[in-house]
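Following this line, the structures themselves.
Below are two complexes that have chain A in common, paired first with chain B and then with chain C.
Our next item is the complex of A and B:
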C-alpha cells in the first residue's frame, strides 16, 4: 500500500526486503529478551522489587489460561504469555514513535497462522487424526464445505481484526498530525505547539486502549479456539 | 428500449468528463456512503447507555462497576464507526485510486463500492452496543463477577466485529489492490 505502508529500509540480494516492520519487530524482540533475562537473573524465595512485578504478571497469565482453557491445558500459558506480551509491545510501539509491526498484514497473518496450526495440530493430537477430520462432517456431511470455509475464515478474521484496528489508529493519527501541522502553519507559528498536547487524548484511545484491548482479544480468541478444538 | 437508451446516454455523458474529475466525484460519494456506518454505533451505544442508566438505577451501590462495563463496551462498539472513518479519510486525503491505471468507470465504481461496503458497520455497531448494555445490566446484578462479565463481553464483541472486518478487507482491496483492473 503506497502512502500508509511500511517504509523499505534496505533490499537484500534475492529480492528480500527489510522493512520498518522487520526492524521494529527485532527491536521489540531484543527489548523483551533483555527484560526477561534481567527480570529472572537473581530469583529469590522471598520476592523483592522487580521480581514482585514479574511474579504478578506470570501468575496473572497462568490464572487466565487455566480459567479460559481448563486445568489440563496449563502448558499453553508460556505461549499465551509470549503472544500477549509481544502483541501488546508491538501495538504500543506507536507511542514511542515507532511504526507498530502489527500495522502490517504480514505480521498479523503470521501470528494468526501460528494459531491456526495450534488449533488443528492440538485437535488432531488430542482426538486422533481420523476422529478429528470426521468432526468436520458433523452434524450432517453436507456441512463439510461450510465447516472448511469457517475454519479458513478463523485466521483471516483474527489477523485482519488486529491489523484493521492498529492500522486504522495509525492512519487516523498520521492524518491528525498532518492536519495539526497544516493548521499551525496557517496560524503562522513555526514551532509545532499544537502537536504537543492535543494528540495525547487520541493516543490514549487509539494506542493505549485499542492496543491493549486487541492484544488481549487476540490471545483470548487463540485460547478459546485451541481449547475448543481439543475438547 | 427507452431505459437502455437512457443508461447508454448517461454513461456517454459521464465519459464526457475528465478522468480525474470522475474519480474524485466518485470518491466523494464513496466517503459519504462509508459514514452511513455511523448508524450502527449510534444505536448500539444509545442502547448501552440506556441499559447502563437502568443498571445504575437498579443497584446504585454497584453503579461504578456497571458504568465501567458500559463505557468499555461502548468504546468497543465504536470500532466500526472508526473503520468507516478511516476508509472515508483515505478516500478524501490519501486517495490511492487517482494514480491507478485502467478504465475510469471501473475505478470510479471501486471508490463508490469501497464506501458502500463500509455500511456493513451498522450490524457490528448495533450488536456490540447490545452486548455492552447487557454487560452493564449483568454487572449491576452481580458486581463481584465484574471481571468475568467484561471478559465474556469483550470476547463476544470481538467475534461480532468479524463481518465489519471482512467489509474493511473488501474496501481496502478495492482501493489499494483492485483485482478488477487486471481482468480487462
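Our next item is the complex of A and C:
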C-alpha cells in the first residue's frame, strides 16, 4: 500500500525496521556534529565569520533558557538547544527532499517522553519524591485523577502537535505536487513543468515558517513545563 | 513498490529516536554548547578584568601625575633655594676675598712705607756723614792746623743737624 508513512530502508532480524526517519535523523546528527566541530574548532577572541553565527546561536539559546526557566536552571540550555536545533533541522529537511523525521510519531513521541521524564524527574529531584507526589492532590485530593490525566496529556499533546503540523504540511505538499503534475498533463505537457517555482511559496509556509515555529513551540513548552514542575 | 510503515504507527523507531536524541544531546553539548559558552564566559571575564585593570592603571597614573607634579614643584622650590644660597655664599665669599685682598694690600703698602722710611733714613744718615766729612775736610784745608779734627767734627755735626732737619727735606 502506498501511503504517507516513512519508507522502510532495512528490516533487521526480529522484525526491527530501520525506516527513513531513523536514517534521516542520522544524517541530521552527522551534519549538526560536523557543523559544531568545524564552527568551534578555532575560537578567537575577536569573532569572525562563522564564529559570529555560532556565538549568536549559543548565546541566544542560553539567554532564552535563562529568561524562560530562570538563572538557576541554565544547565538545561544544552538540552533545549539540542531540541531546538534538531527539530528545526528535522522540519527543514523537507526542503532538501528528505522526509522530515518529525513527520513520524515515533520521533515526536520520543522527544515528548523525554520532556515528560525531565518534568517529573527534575520535579522530584528538586522537591523530594513525597512532596512532589503530594503536589498532585492539590488543591483538593479529589483533583488527583484530573491532575494525573493532565500530566499524561502533556507528552501526547506535545508529540501530536509537532507530528500533526509537519505531517500535515508533508501531505499537503505531496498532494499539491501531484495536482501540479496532473495539471501539467492536462495542458498536454508530459514534463510536470508546473512543479517548478510554484510550490516554493508553500514550502516557505509549511516547511520554513511552520517548521521553525513548531521547533520553537516544542522547546518553549518543554522549558515552561520543566521549570513549572521545579518551582 | 516501496515498502512503507504506517503513518501513525509506534514501533522500535521510538527507541531509536530516543537514543538518537540522547546521543545528539551529548554530541552537541560536547562540541557546541560547552566550548562556546565557556569561551564566551572566559572572554567576558577577560574583558571585565582588562577593563578593571585599565581603570586601576588610570587611577595609578593620575596619582603618579599628582605626585610628580608635587615633586616637580618641590624640586623647583629647592632649586631656587639652592641658587639663592649659592649666590649668597658667593657674595659673602667675594666680600671676604675683597676684604682679605684689601688687608693684604694695605699690609704690603705699610711694609713698603716702612722700607722706604728706613731707606730714606739710611740715605740721610749717610749723606750727613759724608757732608760732615766733606765740611771737616774743607774746613781743615782752609784753617789748616788750627782746628783739632775731633772737636770740630762734633761742632759741625751739631750745626748740620740743626740746619739739616729743617732745610734739607723741604
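Basically, the second predicted complex is superposed on the first by the 229 of 231 C-alpha atoms of A that agree within 3 Å, B and C clash if a C-alpha of one lies under 4 Å from a C-alpha of the other, contacts with A are read in each partner's own complex, and residues count from 1 in each chain.
Rule of thumb we're sticking to: a residue touches a chain if its C-beta (ideal position, glycine included) is under 8 Å from a C-beta of that chain, and two chains touch if they have at least 3 such contacts.
Treat the numbers as computed from the prediction; the structure is a model and nothing was measured.
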Report task. Considering only touches as defined above, state whether A:37 meets chain B (first), chain C (second), both or neither. Result -> second
Requested in this report: Based on the superposed arrangement, let me know which partner A:91 touches: chain B (first), chain C (second), both, or neither?
Outcome: neither
Report task. Using the superposition on chain A described above, determine whether A:24 touches chain B (first), chain C (second), both, or neither. Result -> neither
Requested in this report: Give one of first, second, both or neither to describe whether A:209 is in contact with chain B, with chain C, with both, or with none.
Outcome: first
Requested in this report: Determine, under the contact definition given at the top, whether A:221 touches first (chain B), second (chain C), both, or neither.
Outcome: first
Query raised in the report: Which one hits more chain A residues, chain B or chain C?
Result: C
Query raised in the report: Does the superposition put A:101 against chain B (first), chain C (second), both, or neither?
Result: second
Requested in this report: Identify the partner contact of A:115: answer first if only chain B is touched, second if only chain C is, both if each is, neither if none is.
Outcome: neither
Query raised in the report: Just which bits of chain A does chain B share with chain C as contact spots?
Result: 1-4, 167
**Report entry** In the complex with chain A, residue positions of chain C that touch it
**Finding:** 1-18, 20-25, 27-29, 31-37, 39-40, 43, 46
Query raised in the report: Given the complex with chain B, which residues does chain A contribute to the contact?
Result: 1-4, 153, 156-157, 160-161, 164-165, 167-169, 171-172, 175, 205, 209, 213, 216-217, 220-221, 224
Report summary line: chain A residues touching chain C in their complex are 1-8, 16-19, 21-22, 25-26, 29, 32-33, 36-37, 39-40, 43, 45, 54-55, 58-59, 61-62, 77-79, 81-82, 85-86, 101, 104-107, 109-111, 113-114, 163, 167
Report summary line: chain B residues touching chain A in their complex are 75-76, 79, 82-83, 85-86, 89-90, 93-94, 96, 99, 151, 154-155, 158-159, 161-162, 165-166, 168-169, 172, 176-177
